[in-house]
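Please see the structure below; I have some questions.
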Amino acid sequence: MQPDLLPGHLAASVLHNLRQVSPLVHCMTNDVVQSFTANVLLAIGAAPAMVIEPEEAAQFSPIACALLINIGTLTSERSVAMLAAIHAANQSSTPWVLDPVAVGGLDFRTQFARTILELKPAAIRGNASEIMALAGETGGGRGVDSTEEALCALPAALKLAQMTGAIVAVTGEEDYVTDGENAWSVAGGGALMTRVVGTGCALSAVVAACCSLPGSRLDNVASACQFMKCAGEQAIAASRGPGSFIPAFLDALYALNAEALI
Amino acid sequence: MQPDLLPGHLAASVLHNLRQVSPLVHCMTNDVVQSFTANVLLAIGAAPAMVIEPEEAAQFSPIACALLINIGTLTSERSVAMLAAIHAANQSSTPWVLDPVAVGGLDFRTQFARTILELKPAAIRGNASEIMALAGETGGGRGVDSTEEALCALPAALKLAQMTGAIVAVTGEEDYVTDGENAWSVAGGGALMTRVVGTGCALSAVVAACCSLPGSRLDNVASACQFMKCAGEQAIAASRGPGSFIPAFLDALYALNAEALI
Amino acid sequence: MQPDLLPGHLAASVLHNLRQVSPLVHCMTNDVVQSFTANVLLAIGAAPAMVIEPEEAAQFSPIACALLINIGTLTSERSVAMLAAIHAANQSSTPWVLDPVAVGGLDFRTQFARTILELKPAAIRGNASEIMALAGETGGGRGVDSTEEALCALPAALKLAQMTGAIVAVTGEEDYVTDGENAWSVAGGGALMTRVVGTGCALSAVVAACCSLPGSRLDNVASACQFMKCAGEQAIAASRGPGSFIPAFLDALYALNAEALI
C-alpha cells in the first residue's frame, strides 16, 4: 500500500487556520530541542510555552490549545509532571501529542510510553523504529536514528492508530499519516534535515498545534508534516550545510504560503 | 504621562562601561533560552555563567557581578537554589534582577515571585501583563505573551518600583523604565523580535549586567533596553525572517557602538 | 617545551575514520550547550544522544560508542546518573571523556570531578585553569573563562595524564594534547570562538567521538581539536560576528575534508 500524496490545497487551508488561531502549545519536551521547538512554533505562527512544574503543568494544559509530550530526556520527576499535564488536558479536552523518542531501546521511557498510550493521545509522531516499537513489533533504533524506512512501518502505524484512536505519523524520507483506516503520504524535505537536531521533535510540536484546529484531524496532522517538508526543501536549496539550514528553515516556515504548498 | 526618550549619549556611555568591565553574570534562567542568553551576553561584551546546584549557586553569586533570576521553567528544586543564590547575593551586595515570566497566570511561580520580591531586587524586567500582575493589578498574559501594551502598565511599573525599590522595566513595542519617580522610554526594535524566543529573557540578562556598572541604575537599565532595541532594529533590516534575525542580532550586538546608539 | 604541530595528514585520516564509523556519542552535558553539541556532532558526521535518567544512562552508555561527562550545570541528581553511566561504560569498555567545566572554583563540582577522575577517563578536555585545578595546582578561572594561557598548563596536563592514564587536552589560543609522555600542539581558530557559548563543550563531545575510533588515542584526540580549529578558522573568515559564526561553523564542520586539514 502506497498512500496518496496529501493534496497541497488541504495543507494550504490548514495553514490558513493555523495562522488565524495562533494556537498556544504547552510543550513538555526534551532538554536538547527546547529553543528550536519554540522558534519553529513562533516562525510558523503558533505560540509556545514550556511549563514543567507538576502543579503548574496541570494548571496550564487546560489553558493551552494543545499539549506536547516528548520523552527524549525523560526523568522520573518530569514523568510525574507529564502525567499531571496529560490528565488535566484530558479533563479539559485539550488534545495531546506523543513524541516517543527512542522508545523500545530504553526501558524507563518505554514503560512510561506504554502507560500514557492508554491516556488517549490525539496524535503520535515518531520514526519507523519508534512506531514499530510502540505497536509491539520488533525494531529498536540507535538512539534517535531510525534504522527502518518509514514505509516499512506503515502497517505498524495503522495498527497503532487502531489500538489507540490516535492519528499516527511515521516520518522519514517520506512521511505517512494514518487514522487506522485512511492514510496520506507526504513528500519533500531532504537528507540534510537529519543532520540538524530537533527537526522531528519540532514537527511533533507543529502536529500538536494542528491537532487543536477545526476540521479533519488526519488532514491537520498530515498538513503539519507537509509544512515541515516544504520549508525544509526550500531551506536546503538556500543553504550550504546544516548550519545555514537552521536560519533558512525558520525563515521558510515564516514565509510559508499556499502557493508553496500547492 | 509619556516619558522622554533615553538620550543616545547616555546609552553610549553605559556601553563603554560594560565593555570595560565585562561583567560576569550568574544566570539562573529557564530551560528554553540558556544558549541564546549566554550568546547575547558574550556578543555584547559581558560574560555568562550558569550555576544551578543550590550550594554552588550560593557560592557563585557573590563571585559574580550580578545575578539573574528568571522563573520561566521554575521547579521546586530550582526555587530552592534560586533562594540560596539571592540570599548570598544580598549578603555580598551583588545586584540581582528578576524576570517574572508568565507571573500572574500560574500559581507556583506567582507565589515564588511574591516571596522573592521582598528580597530587594535591583531591577525587574517584564512585559505589561507580568508587571501589572506583580504590582497587584489585574492582567495575566497568555504564557509569555503580553496581552497589554507597555504604556498601559507604566502606572503599575511606577507603583512596583516604589513598593520594592527596584528599577522596573516594562517592555513591549516601546519600553518604559522607571525608578518610581523618573522614567525613560526606549524606542526601536520591531515586531519580528516577538517571533524569536528569548529576546525578552536575554534582555533581562543584559539588564543584570548593566546593574553591576557604576552610575545611575535607572540610566543603566534603560541603556540595556536601548542596546537590544538598537541591535534588533539593525538585525531586522538585515534579515528575511526570524531565522536569519538570530545571527544578525548577535552580530549587531557585537558590533554595537556609540554611533549607532546616538 | 613547545610540542610539534599535529601533522594534517594524521587529522585527515582520523576524519576519514570518524565519517566511516559515525560514532554514537552518549552526551551527559550541561543545560546551556545541549543543542549546539548535538548539532556539532551531527555536522561532523557523528551521532548524538542525550540520555540522563540514571537507569537509562547506565543502560545506554554500553550501547553508545563513547560517553561524554560535562559538569557545567551539575546537580546532585545529575551526578548520580553520571556515576551510573560511567560505571556501566567502564564495564563495557566504552571510553568516556571528562569536561571539567569551572572545576577548582566551585566545591560541589570539584569534589565530584576528583571522584570520577579515579574512574579512568579516556580523555580530559579543559582550559588551562581547569586542567591546572584538576592536577592539583593553583588556578581557578572566572566561571568558564580561563585566566591562564594553555601553554602554561602543559606541565599540569602532563602530570594529569600520568596520574590518570587519560589523554589530556588543554585548549586555548593554541591547544596542547598529551598522553603524559608525548604531546601535540594544534593551531588555528581565533578569538571570535570565545564569544560563542559551547565551542569548548562541543569540542569535548568530538573528543569523545574520536576516542571510540581505532588507532592512537593521542592522535585521535589531537585530531578532534584540529577539526574544530580548522572549521573555526574557516567560519571566522566567512562571518561578521559571533551570530553568523555559528551557522558558518556548522557548515564548515560538515564540509571539512582532508584538503582543508592538510
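Here the chain labels run A, B and C in written order, and each chain numbers its own residues starting at 1.
Following the convention adopted for this analysis, a residue touches a chain if its C-beta (ideal position, glycine included) is under 8 Å from a C-beta of that chain, and two chains touch if they have at least 3 such contacts.
As the structure is a computational prediction, the values presented were derived from the model and not from experiment.
Undergrad: Where chain A and chain C touch, do the two copies share over half of their residue numbers, giving same, or under half, giving different?
TA: At the contact between chain A and chain C, which are copies of one sequence, the residues are largely different (under half shared).
Undergrad: Could you say what rotation angle superposes chain A on its sequence twin chain B, using C-alpha positions and rounding to the nearest 5°?
TA: 120
Undergrad: Using Cα averages as centroids, what's the distance between chain A and chain C in whole Å?
TA: Once rounded, the distance between the two centres reads 33 Å.
Undergrad: Using the touch definition from the top, which residues of chain A touch two or more other chains?
TA: Answer for chain A, listing residues that touch two or more other chains: 31, 34-35, 77, 246-247.
Undergrad: Please name which positions on chain B make contact with chain C in the complex.
TA: Chain B reaches chain C through residues 24, 31, 34-35, 38-39, 42-43, 47-53, 55-56, 59-60, 63-64, 77, 246-255.
Undergrad: Spell out the residues on chain B that touch chain A in their complex, using ranges where they run on.
TA: Those residues of chain B that touch chain A are 30-36, 72-77, 102, 105-109, 142-145, 194-198, 239-244, 246-247.
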